[in-house]
């Protein structure tokens, strides 16, 4: 599954270079993951209600072209790796001319409410299977 | 007590007008309140560990002059009203020329962990007395 | 004109009280103003391209109930006062149960690129008339 | 040169997992770079006044342990690679127990005011030499 998100950069997200500040992209990634779970029919809020969370362990963030307030962007989010303890999402952001202006990855581990890593397959095999089916290399 | 905080605006806090974005000031207010509790000898972290929190109910925010990245500012935080359920802080921000560039107030209520308002005097008379002594109109 | 905006709070906008941090609302107000200009057929980006901007001078912010990640909110933005130099927007935020959980106002002045206040009627009578028609007390 | 920065996480930087949100670290990196330029005697503000900027092209971000509101952290910033067009900073964040809880790198290119890459050696040999001397592998 590839999840699509329309992004309209916020004015507050600009900086004095006149572009979207580089720290904003990881926030967009997160919105992409939340949308991915929504599209999957298992909202992230419900995952947290099960006492399960996701902790960020690594991000790889790549800027090709600046983004601007007033522009309209599209972000594709997909799950590219998935194990019993870890998942890797990939994000690609395009402008209206279908140029990729940004891409990145984030590596997350499943954790319990004490932020200790868990084996998702053991804790919730249903959720494990659901995500596993979405992997797209 | 008047609590003093040195502020060096972050580059990320600028916007494409070339100034500090107006949404940043309430974040500085919060740092001022945290510093106020530190100066009082009762860090906000310890207050939360007692199962007590503060919920924002009202802010009054006034912009006199812009703030810039690269400038150095000073913020004065004081407690101007205090009852058993509510407290009002006032913040004044000055530039290096001692001009006031911004002022504001925030009204907060004491809450328990379910975010229900509490009477601080009943729940923690020691903390109540400590804050009460700091009121400065 | 009353401009409507659907808000889905971001996970990044939560704080450790488990609610949307109070500093986020002014950012939502700004998105409401941008949407208002879009609805008006005069995107804020175009206003800036004319060398005209809006500087915040005052905000009045009122919190009635917390907002949460995973909830869906609606914000109404309207222009309640308008003069040749100043405009006041009012924002009301509702949850899915149609309860108002938040309201606020922001006062802005029209400025040129040096951030000096301008008389919009003199600088751009067309834009002045356009906004004037939208005032709703 | 290794630049040292004391970090006191802001309450606003927490999320509902009770930790500092992962999107905050790149903002801290930026504060580290600004401090690095200050320590070098060439504040970033002055660099921008020369019509020169830095554009982010890549970040590598690694989370070892969570950070918390109320904790005190230290960040070391150093310049680990430097060419005529590009520079790589490395950041390491430690808690009070001297444990590294986070590390990352950011790759930036020198740009002019149109955000076009420039050869710093050609544009400002003095600034080039100044940074070159600080490289520490």
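Should a chain be cited, it is by its letter among A, B, C and D, assigned in written order, with residues numbered from 1 in that chain.
In the analysis below, a contact is a pair of C-beta atoms (placed from the backbone, for glycine too) under 8 Å apart; a residue touches a chain by one contact, two chains touch by 3 or more.
Because the structure is a prediction, the values reported are computed rather than measured.
Each chain's centre was taken as the mean of its CA atoms, and the one lying most distant from chain A is B.
Just one of A-D, A-C or C-D has an interface built like that of B-C, with over half of its contact pairs in common by residue number: A-D. The interface holding more C-beta pairs in contact, when A-D is weighed against B-D, is A-D.
Averaged C-alpha coordinates put the centre of chain B at 28 Å from the centre of chain D. Averaging C-alpha coordinates per chain places the centre of chain A 34 Å away from that of chain B. Chain geometry summary: the mean Cα position of chain A and that of chain D are 24 Å apart.
With touch defined as above, residues shared between interfaces to two or more other chains in chain D number as follows: 11-12, 17, 19, 23, 27, 30, 69. Chain C contributes residues 11-12, 14-19, 21, 23, 69 to its touches with chain D in the complex. Of all the residues in chain C, the ones that touch chain B in their complex are 17, 19, 22-23, 26-27, 30, 53, 55-63, 66, 115. Touching chain A in their complex are the following residues of chain C: 10-12, 27, 30-31, 34, 43-45, 69-70.
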